[in-house]
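Next up: some structures, all given as structure tokens.
What follows is subunit A paired twice: with subunit B in the first complex and subunit C in the second.
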Partner chain A sequence: MNKCLFAILILSLFLTGCWDRRELNELAIMLAMGVEKVEEEYQVFAQVVVPSEVSMKGSTGSTKVTLYSAKGETVYEAFRKMTKDSPRKIYPGHLKILVMGEELAKEGIGESLDLLSRDWEIRPDFYVVVTKDTSPSEILNTTTNLESIPANKMFNSLQMSEKAWSGTKSITLDELIADLISDGKQAVITGVQLIGNSKIGSSKKNVEMVSPAASIQYDHLSVFKGDKLVGWLTEEETIAYSYVTDSVKTSVRRISCPEGGDATIAIEKSHSDVKGYIRKGNPEVDITIKVEGNIGSVECKMDLNDLGTIAELEKIYEKEKIAIINKTIDTLQKKYKTDIFGFGEAIHRANPKEWNKIKDHWEEEFSNVTVNVNVDLKILSTGTVNNSFLEEIKD
Partner chain B sequence: MRFLKKKNRKVLNLHTSLRSQSIEPNPEDGLNKSLQQNIQTLKDTLGKSSDIIIREIRFGKEGTIKAGVIYTDGLTDTPSLQNFILETLMLDIKEIDLHKKSPEKNLISVLKDVALTVGEIKEETSFDAILTSLLSGDTIILLDGYAEGLIISNRQWAERGVTEPTAQTVVRGPREGFTENLRINTALIRRKIKDPKLWMETKTIGTRTKTDIAIVYIHDIADDKIVKEVNLRLDQINIDGILESGNIEGLIQDSTYSPFSTIYNTERPDVVAAALLEGRIAILVDGTPFVLLVPALFIQFFQSPEDYYERTVFGSLIRILRFIAFIISLLAPALFIAVTTFHQSMLPPALLISLAAQREGVPFPAFVEALIMEVTFEILREAGIRMPRSIGTAMSIVGAFVIGTAAVEAGLISAMMVIVVSITAISNFVSPSYEMAIAVRILRFVFMALAASFGFFGIMVGLIALILHLCSLRSFGIPYMSPIAPFNISDQKDTFIVLPIWKMINRPHLMNQKNRIRQQHSAAAKPAPPENKKDEGSS
Partner chain C sequence: MMQNAKISTYQFLILVTLFTIGTSILIVPSGLAAKAKHDAWIVAIVGMVIGLVVIGLFCLIAQWFPHLTFIQMNEMILGKWLGKGVSLLFVFMSFIYASSLLFYSGTFLNTHLLPNTPMASLNILMAIIIVMGVHLGLETIARSAEIFILVFFVLFFFLVLFISPEVKFENVQPIFEAGTKTVIQSTFPFIEVTSVNAIVLLMFFPVNVNNRKQASKSFFIGYIIGGIVIIIFTFLSVSVLGAYSTAAEVFPSYELAKRINIGDFIQRIEALMAGLWIIALYFKTTIYFYASVLGIAQILNLKDYRPLIVPLGMIAAVLSLVIYPNVVYQQNWNQTTGIFLSFSIGVFLPLLLVAVYAIRKKQLKKAPESS
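Right, the complex of A and B next:
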């Protein structure tokens, strides 16, 4: 009798099955998501992979992804409404990139991010970008070459450009939320642009061309005050931002030669140290950036065998770099009045007591902070040659 | 009612009395003095069996002595019967006055002591014993006027020679395997261990088959308690027939319904010899090449004799590989089902999309898909074992085609599932022991069902239950999971890795308490170049 009961108990387990059981072919794998504000309503876009098109065998040659969209009073509502159109439930677990509309960003992104940080299926390690002069629907509609899934292309090129060029800044959702809630640091988000003809860009024709009619490019860095977009930084300012916030991995920088012409320094390593002080009641910040690099190219006449030349190049680089960083900080202090560098946090770390006094009116204080920038470059090598063959070319 | 019972009893009594009267003489008594009577009794007992040959002869000076030579055709060595028994009796001793040779005038002992030129011979008065000997292949001589018979051992029958074992093959190691003959098998062991303490106790089990069974152990190594326990369990057997050591295993094993076997079996004399030296006890059964070894531990099913013959690094790597293969063959389909139906977020996106692409159009849930493939494979495997060898190639083509290509082409099964099932099947064959492979085959389906219902959570619960079960098993009093649980540090030398042989100083701890030292512990045991040793000595 006991055995019988036990057997029935065991068997009954298999009758149920877990509530979240889903087969792979019941999933609509969303890799990119777009959020836009249209007439007081959220419009949500989901770029979903068409698995059979991605596989080598079953491909019929149509596009690898498809875009679903829906409107709703809240992001979550719109998200669920998508099933009106999509035959499968949208699965956001592998979300790679979130594209926010510029208009939405200007009005504030806070509300729309809540769902994304709350839902248990979403991992907050995807990148967030903001459209510039375009809309999420246009960006997500563009087909891409090389990486046939646009979301992958967007993810990889952001990652790659940050690593090799530092002119962009990748921000994941959790980093963004941390910045949004911080007193002493404001958020930034990389901008994304559509270059070219968006009409052709959304069709398969786009990828049949050697140089696509439309392409997705990262440029500019959006500056936030609270959760509202207040302006854009140029590429040069973005690089300066990366140096200050210690997020440069490798980069390349043109400098002028002592006797005219150009040379390039390839930065291999950079470390920045931001230290805050309160001096005589006034907040002050020291930025020390230690850079190591090689001479990448020489397009001018100079004698690299002379150690003095190297030192001179280092000086020039340091001077130019300091100027750019100062200019960037100036722009933010004067124009946007928003502390994206985290100077407030530096001061908080150094002097919590004083910080508590000034943190409520930090916005005004920030504009008056004295910033001392110090850049130290070490040129490690000149590449595989010393003097350029340009020296040998007879005029 | 009572009345009826009484009546029944009376009828029964009547029957028994009738039966005892009708059969006369009674074979349960000793032999009769009359040859004619004895032969009649034999004929009555054995029926009309055509393989029993009863040859009645007369010998002696004037052919006055009547005798019966009885043997089983096919089990007796006919040339020796003719040369040393019939020829001796009928030709050689015709001229001798047999009665004069013996003071007591006992012809039986005269024949035994003086006349018959054969090796093993004994007198016997019990009819039962004579019958058993006759049916085992001995030749019986009965004389008229004597209530005793002679049993001459000249058994000889057709049998398989010592060949290479088919179940446990090795690349390096002895090529001989046990045969169906108990004597040859004991000889194979004796040839490996020439130790006076190697004891072989013999028993006869099976009221009708009368199968010989030998309990083999090394007296000063094996634990007396376990020997006693083995004897006890064997003595409790009361069955009509033992046809294979599997019957014995079924009757003496600790747990019947566990998928795991608590008795090890092998066809290899070197495995038995190694086990005996560790303190295990071997049970040999006549009529089968499979020898039982007790106590059996979980870890033993992962040990192959080759581990100790090959170089130690390789042996260790192979041992680890076997554990990995064990886990793969147990869990691979279950993990695949769990990941694809519950934990999609654990897969890298590229892999997820690739898997999803393969599953497009597959009409079954992953669990059903896996079940179909596993069951198909089990059917193919079973068919491969049972069918005649000559059809083997045809079946492997059909099997590979059905499983591999057609199912995927038809879109019934995803390609990844074929890969998973194949790797599972191949991993299963890595197991050096068929018993462990069977256990894994059964449990795999349980884990698949758990994974399909609860995902990783189910697999985890299943694993916990499995480990609890394994830890609760005992083989002849020894914990099945030792030396892992209970943990024994010194026995780890032959558990997950195999240490060099000069490090194996002690025998396994749990098996034997009385004679642990395997080799003298000395620095010299480790092989080293002679110069080094000199240096050590001088410094």
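Right, the complex of A and C next:
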């Protein structure tokens, strides 16, 4: 009797399934998602991988991804409606990039983000970008070279350009939400543009050309006030923003030589420290940026063996950098009146009592904050050569 | 009766640790951050220190009659009928908490891991293991705890190690902005779940611990270890997720595990980490259930508590499904009703016992010898 019961128990182990199982062939893996507002409704796009095209075998040569879209009054509704079109349920667990439409951003992105933070399958570690002068559908419709899955291209090139150039800024969903709710910091999101012909861009023809007819490029940084887009920063201002918020990994910067011409400094390391104070009742911010770099290229005549030249180059760089940063801060204080640098947070950390008094009208206070910028560059090496061969060129 | 079951002081220490961590690991960071914001971890430290006083109170009571469980002690000190009445309340509390923990584990799995699985089947599965554990007795529970604590701490160690690169100290600054008043106010729920509810441990402490003198020490050490684990979790939650997200998440420590990403290589391991919570939840639920089953048996003067296990297990499983209509109700109940229930059983009852004992001291000292 006991043995019989035992056998039944053991056998029943093999009969169990998993309630929540979903086989790979039932999933449509979404790598990129787009949200746009069209006439009071959300239009949601899902860029889904076509598994048979990604695999080495069995590829028929059609596009590697496909785009589904649906409209609905809420993002979630639209998202589920996509099954009307898609044969499989969209699986968002591997989402890499979220493309927000510019129109939506101008009206406010808050509501559309809630689903993404609430749904259990979505992880908040994907990047968020905003389209500039284009729409999410155009961006997500573009085929790409080198990385055949456009979402991967977008993800990697944002990561790379942030690392190597610092003219873009990657923002993940959790960072974005943290910025949106903070009293002392406003959000920024990097912009994405479509360069070229979007019609050819959506077909496979696009990737058959050496220089594609359409390509996706990151440019400009959108500035938010609350959850509404209020303006765009230029590339130079974006770099300044990256320096202040300590997100520069490496970058290069042109400077003018003492006697005319150009040189480039390759920045290897940057560290910024933002300190807030209340001095005589007025909020003040000190920014100290310590930069280390090498001489990347020399396109002018100067004697690099001279210690004086190096010191002079450092000074020129520091002066130019301070000017750009001051100009950027000025733009934000005067034009957009929004504190994207987190000066409010810096003051909050330094002096919570005073901060509580000013936080309700921080928007106006921010415009009057005195900012002291201090940049310190150390040039470490001159690359593999000392003096440039330009010195020796005979006329 | 299972009075002759013996567990070692080390096993007792482990049970205390797991009991302290239990539910707190899942929900405490969120509750603390809701009130104290980025100072949540300070509240956890303060709460742990105050909790030590409560534990001290339990140890004080326990040493009067080291051979009696809490139920028998009630009867001894308060007299037969009053004692039984109070004991019923005590049993009611631990039984409610056993079901409510089943609800927790069900909701947790339902929200994060198995959303399409009916909660009933999850709760029944959990209840079956708990019933098995209690049926096999305290010694078996203690021994399995000894094994699982290793798993627990290995997972815990990796979680802390892997998440530490994500710590942002800006998130916890400025330190101590909340002020003394807020800190003290927000400690109460923390003290409730970590130490006040530990009164159910008096059902086998010190009766079933082999070295009664060392047992009190184990109680303190176990509690401190558990407390430190929660402090670490609270600190990590706030410093990684930020105060707002910690408060907004229903299970912030699970969200913490989701954030693990070492060089795009070690990532998406949260399902593995869920083992942490399941282990801690299992042992806490089992202890509650053990206390309520044994408690009922002793109130009714039964020789063996085992016949009660299966029926009560069924009731607990069903109760866990209907006890709270939803998560919001549960959070509300915890903050309003649950906290008073715990404090009246876990603090006022012991204090009452202390008072009565002080009055009846001479009379009581004679009694156990004669019986």
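FYI, the second predicted complex is superposed on the first by the 379 of 395 C-alpha atoms of A that agree within 3 Å, B and C clash if a C-alpha of one lies under 4 Å from a C-alpha of the other, contacts with A are read in each partner's own complex, and residues count from 1 in each chain.
One rule holds in what follows: a contact is a pair of C-beta atoms (placed from the backbone, for glycine too) under 8 Å apart; a residue touches a chain by one contact, two chains touch by 3 or more.
Everything numeric in this text was worked out from a predicted model, so none of it was measured.
J.: Fit or clash for subunit B plus subunit C once both are placed on subunit A?
T.: Fit.
J.: Count the residues of subunit A touched by subunit B and by subunit C, then name the partner with the higher count.
T.: The partner making contact with more of subunit A's residues is B.
J.: Which partner does A:D114 reach: the first (subunit B), the second (subunit C), both, or neither?
T.: After superposition on chain A, A:D114 lies in contact with neither partner.
J.: Touch check for A:R123: first (subunit B), second (subunit C), both, or neither?
T.: both
J.: Output check: A:S52 vs subunit B and subunit C. Expected answer is one of first, second, both, neither. What do you get?
T.: It touches subunit B, and subunit C stays clear.
J.: Contacts for A:K96 in the overlay, against subunit B (first) and subunit C (second): which applies, first, second, both or neither?
T.: first
J.: Using only C-alpha centres after the superposition, what angle do subunit B and subunit C make about subunit A, to the nearest 10 degrees?
T.: 50
J.: Applying the touch criterion given at the start, work out whether A:E391 contacts subunit B, subunit C, both or neither, answering first, second, both or neither.
T.: neither
J.: Should A:I177 be classified as contacting the first partner (subunit B), the second (subunit C), both, or neither?
T.: second
J.: Is A:E299 touching the first partner subunit B, the second partner subunit C, both, or neither of them?
T.: Neither subunit B nor subunit C is touched by A:E299.
J.: Applying the touch criterion given at the start, work out whether A:I29 contacts subunit B, subunit C, both or neither, answering first, second, both or neither.
T.: first
J.: One more residue to check, A:D330. First (subunit B), second (subunit C), both or neither?
T.: neither
J.: Once the two structures sit on chain A together, report how near the CA atoms of subunit B get to those of subunit C, whole Å.
T.: Taking the overlay as described at the top, subunit B lies 5 Å from subunit C at its nearest C-alpha.
J.: Please write out, lowest number first, the residues of subunit A touched by both subunit B and subunit C across the two complexes.
T.: 18, 20, 123
J.: Can you tell me which positions in subunit B touch subunit A when the two form their complex?
T.: That would be residues 340-342, 344-345, 349, 352-362, 365-366, 449, 452-455, 457 of subunit B.
J.: Quick one: in the complex, what on subunit A touches subunit B?
T.: By the definition above, subunit A touches subunit B via 13-14, 16-18, 20-25, 27, 29, 31, 49, 51-52, 54-55, 58, 91, 93-94, 96, 121, 123, 149, 152.
J.: Please give the residue numbers of subunit A that touch subunit C in the complex, ascending.
T.: Touch residues, subunit A against subunit C: 18-20, 120, 123-125, 174, 177-178, 181, 345, 348-352.
J.: Once bound in the complex, which stretches of subunit C touch subunit A?
T.: Against subunit A, subunit C makes touches at 111-118, 121, 170, 173-174, 177, 241-242, 244-245, 258-259, 261, 268.
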